[in-house]
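These notes open a run of structures that come right after.
What follows is chain A paired twice: with chain B in the first complex and chain C in the second.
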Partner chain A sequence: MKKLILTFPFMVYSLMFSAQVPDGKEIMRRIDQNMSSENRSFTSKMIIHSIRSSRTLESRTWTRGEENSFTEYLFPVREQGTKMLKLENQLWIYSPTTDRTLQITGHMLRQAVMGSDMSYEDLMEDTKLLNHYNAAVTGSEKVGDDDCWVLELTAFDPEVTYQGKKLWVDKIRHIPLKEELFAKSGTLLKRTELSNITNIDGRWYPKKIVFKDMLQDGEGTEFIIEEIQFNIDIPDHVFSKGSLKK
Partner chain B sequence: MIRFLLKGLIRDRHRSLLPIIVTALGVMLTVVFHSWLTGVLGDSIEYNARFASGHVKAMTPAYHSNMQQMPNDLAILGAGQMMDSLQVLYPFMDWVERIHFAGLIDVPDENGETRIQGNALGLGIDLLSPTSQETERLNLQQSLRTGNLPARPGEALMSHEFSAKLGIKTGDVFTLIGSTMYRELAVYNFTLSGTVEFGTTALDRGSVIVDLQDARFALNMEDAAGEILGFNVSGYFDEEMTGQVINEFNSRFYDTEDIFSTMMISLRDQNNMGTFLDYSTKLIGLLLVIFITAMSIILWNAGLLGGLRRYGEFGMRLAIGEEKNHVYRTMIYESLIIGILGSVGGVFLGMLIASYLQKNGIDLGIMMKNATILIPSVFHARITSQTWYIGFIPGVFSALIGTMLAGIGIYKRQTARLIKELQA
Partner chain C sequence: MVSLRLALRNILGAGLRTWLNVIVLSFSFVVIIWHKGLLDGWDRQAIHDMIEWEIAGGQYWVNEYDPYDPFSISESHAPMPEELDALIRQGEITPLLYTMGTIYPNGRMQSILIKGIEPGQEIIAVPSNLLQSGPDEIPAIIGTGMASSTGLKEGSFVTLRWRDKNGAFDAAQVKITGIFKTNVPSVDASQIWLPIDKLRDMMLLPDEATILICRDEELGTYSTSRWDFKEQDELMVDLKQIIRSKSMAGLFIWAILLMVAMLAIFDTQVLSIFRRQREIGTYVALGMTRRQVVTLFTFEGAMHAVFATVLGAAYGLPLLAMQAKRGINLPVSSEDYGLTMAEKLYPVYSLGLILGTVIVVVIVTTLVSYWPSRKIARMNPTEALRGRWQ
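This part shows the complex of A and B:
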């Protein structure tokens, strides 16, 4: 009887919490609604803070679904004209200085792009959470002034880069404000912070993401979206090898 | 008396020729053995120095912490200014910039698509400056198997084995895919000017040698160098001198709080070379002690036998009234003359052979074929100041001591028994 009296308040609190907490899948669906699109095009700036200096790269990217992506570097001069094409799990890089198209496959896709804290997959993929992860809401915390659900994601797709994710999802805008990305072993690989959340065509979207590769010494990489368009018509030839040398 | 003894030695060849030949041979072997051992161990150390460690190496402390990974993102910036300072402060050393890098060699087919790829270890050295001694230092001309040394920017050398594996020949273009100093993707085309073979698996498996400026351009390392190596102008590692340079340099440039300041380390602080140096010094000492002891015993024995063989002669000389001390002294003088003549001859012959081996060396490439550490295929002898006296001293004194011991018997001879001995 004494035990029942002691545990009763906790049981009531747990029931109240679960009644208020939305389903993990529902949160993922709402995140996907904001973050994913059939296709998109954006101009971005990547500020890479290494332990010695900072560098800025500018690029324009077109993506279609989860599989196809094309990026052209605009700045600095050394990288100008460098193009990357990703079709499914194959990546080609065109280097204008050598006039060579090089193929990068497999684990190379997980290498850092241009010395940043982002991998080719981070940069070029538009992964829908619902297609790859199961989710559980494990709590509620504040990130800055924003109330967030803490969401723990476990991949059911063995091919996905990050086998575990922990997200702090804004309760109102349904956008992650903070992420921790884990390997299958449980090793923390990356941390991201998403900010400058802007409403674009009825969806909330972060225009600034700070990536920190936890296995590197650098100070992180700021990925800033300067201009973005969702669900536009992108001609098929953009996602072909012919576009690399154009 | 010396003239008299010399005449005796020249006229009685039994007393001179054989002992001189034995002494000369022993001394010659000691000289050759010492110079060969010193040379072989020195060659291994110098080979490492020329390719990897230098006699001293300057780099950032951050680079030093991860040196095996060739972290060019932690390279010395403002390398040109640092080179100027080093040349002014330590003009008695040759200073060179080096860039080590790893990457993928991508060989295109006729359509420019990847035909084959292979992992490479690259080395950027000053190949094109007219005053550069890097070509000689790395013995590149002698190591050429096909083609020529790079003569213009964009040309590269590749290990012969690696080029055969990739199926490329002189004049073909290949692409280096690597990582720049800022960890960007580095893609750079080179034309193969020639192939080299060093006879060392570690270098022949997948080496690419390019000009320093090309490496800088490919890896976005303007005015940067992973390492600055210093070489004693004499060509050999001098521990005391380099120690002074290191102390002076570090007190001037090294800040323990700043991982991007510049520090300097010695050859012995790299790749376990310290242990190797200590081990080789001890090994040379031990082998020489064993060898010289064995040779001394032989020469001592020769002196002893020489003395005993003349037992009858000494008896005769004593019987006709010669003083025991005089007989003993003449014997010692004779032995000394034989020792000096034999040793001078031995040093001369030994030096001739050692000089030849120092200049030409012996190619032991077949034995080194599977060596995975940096070790040369051609070994040379090395003549040092020690080589001049290492054989001479035992050559003179071993026979002398043997003779001195044999001569003690002179004092035990009884005059009364001498006549009986002579009659017998």
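This part shows the complex of A and C:
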């Protein structure tokens, strides 16, 4: 009887919590609504903090769906005019200094972009969570001043890069404020912190993301969106090899 | 015969001038033979080491495998052919599975090639028997070059990240259970060796391989659209090209050395003809034909090469023989050069090399001696007797 009296409040609390907790899928759907779009174009700044120094790259990117992406580097002068085109699993990089286009596939897509903590996949893909993961809400925590749902994602798609994710999702704006990306074995690979959440065309979007490769030293890579447009008309020729040399 | 005796007496009579030429020429002899012997020794040693550590009797490669394209390596694998099953079980052929990965030694990131090998194989010299560890550990072995570049030691753990066949990231700690020393950088630089069954589990590629290494070349008769057999010569084509290019560079050194020696001979000949005009006139006056006088002077020049051969043999043979026995310590290792090169090279001096060099130098010396002597044929004997320069 004493045991029942002791456990009763916890049972009541659990029931109340589960009644208030939204479904994991629903949270993912709302995140996708904010983060994903049919297409988008943005200008960004990537600040790579290595052990010894930091350097900044500026670029303009156009993406369409999960498969197509085109990026042109604007700064520094050394990288100016370098273009990357990704069509499904193939990537072409055009270097204006050599006037040559290099095609890369497979493993190279998984390599770090110009010494940053982001891979080409991280940078150029717009993956919808609902298409790849199952989700479970495992708790509620604060990130800074914001109340968040803690969401644990497990991939049902064996081809997705990160087989596990843990997200801290803002309860009000439905945007992740922190992410942890895991390997299949459960090893923590990367951590991202999303901030400067801004309302753009009715959706919440983080204008600053800090990526940190947890397996190596360094301060991580800051990815700052300077200007972004969603669902705009992007001509087909942007996602063609002809645009690399233009 | 008279010319030969006279030539011998003349060059011996020239004293220091002759011996200076002979010393220079003998030095060229010895250096040319030493340099060529060194390259031949390297060639022989590199081929031996590559066969022992990497190539064995030849290899079957899965079609997609291109060692020069790191971006396609992770996709280069196929089920092992059933026709070779018996030979694989008997240990006559051993499979290797390759994929690209990343390790994080001391918080740094380094791209590497992960190679899976049978721990019990005895076909190549990679000490795969060191791939032993506890049930929950992933054992790995690396070469000394890799150990030095990453700071890893035996017993240390390092995080390894890879992708499975679907492209999903995975990572685990691997334990370095052995570090081996090799002269072949292509089994050492930026790579880590794991038990093949473990790697297959990690990659979700059961019973697959990238290459199959045969103990003997006779096992390379099996043919299929998925697997190509590569013979030893084909697998060593790069090494042979490097050695060939080194030999060409050696030829340049050879030519310079020979040119220096020949310049001395040529100079001596020109000076002799200038200073010995009266002597030339006297020879003709005493009944020698101009052709015989030209032959005499040519013999004199050629005798420098004969003397140089004897002198070179006197100090060169013991010196080169000692080096061939003790070897030459190189100040750099194969890790620094990226070439198959032992820390100690043993030059190989074949009889063909020595005789060939002697013959070439004697012929070239004779030609160089003959060149200025042709002037004698155009001399007027009367003017020569008076000592007038013509």
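The definition used in the following text is that the second predicted complex is superposed on the first by the 243 of 246 C-alpha atoms of A that agree within 3 Å, B and C clash if a C-alpha of one lies under 4 Å from a C-alpha of the other, contacts with A are read in each partner's own complex, and residues count from 1 in each chain.
Everything below uses one rule, namely that contacts are C-beta pairs under 8 Å (C-beta built on N, C-alpha and C of every residue); 3 or more make two chains touch, one makes a residue touch a chain.
Note that the structure is a prediction, hence the values are computed from the model and not measured.
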> Clash or fit: chain B and chain C on chain A?
Replying inline: clash
> Is A:T154 in contact with chain B, with chain C, with both, or with neither (first, second, both, neither)?
Replying inline: neither
> Where does A:A112 make contact in the superposed view: on chain B (first), on chain C (second), on both, or on neither?
Replying inline: both
>> Looking at A:S50, would you say it contacts chain B, chain C, both, or neither? Reply first, second, both or neither.
In response: first
>> With both complexes overlaid on chain A, does A:N131 touch chain B (first), chain C (second), both or neither?
In response: neither
>> In the overlaid three-chain picture, which partner chain does A:Q80 touch, first (chain B) or second (chain C), both, or neither?
In response: neither
>> On the A-aligned overlay, A:N196 touches which partner chain: chain B = first, chain C = second, or both, or neither?
In response: neither
> Looking at the overlay, does A:A183 come into contact with chain B only (first), chain C only (second), both, or neither?
Replying inline: second
> Taking the superposition as given, does A:N231 touch the first partner, chain B, the second, chain C, both, or neither?
Replying inline: neither
> Now that the structures are stacked on chain A, which of 130-138, 274-282, 310-318 or 346-354 shows chain B clashing with chain C?
Replying inline: 346-354
> Which residues of chain A are in contact with chain B in one complex and with chain C in the other?
Replying inline: 112
> Given the complex with chain A, which residues does chain C contribute to the contact?
Replying inline: 70-75, 100, 102, 104, 106-109, 111, 159, 161, 163-164, 166-172
>> Looking at the complex, which residues from chain A come into contact with chain B?
In response: 48, 50-53, 55, 78-79, 82, 93, 95, 97-103, 112-116
> Where on chain B does chain A make contact in their complex?
Replying inline: 62, 73-74, 77, 106, 108, 112-114, 175, 177, 179-180, 182-185, 187-189, 220, 260
>> Which residues of chain A touch chain C once you look at their complex with the stated criterion?
In response: 104-108, 110-112, 155, 158-163, 183-185, 187, 189, 213, 215-218
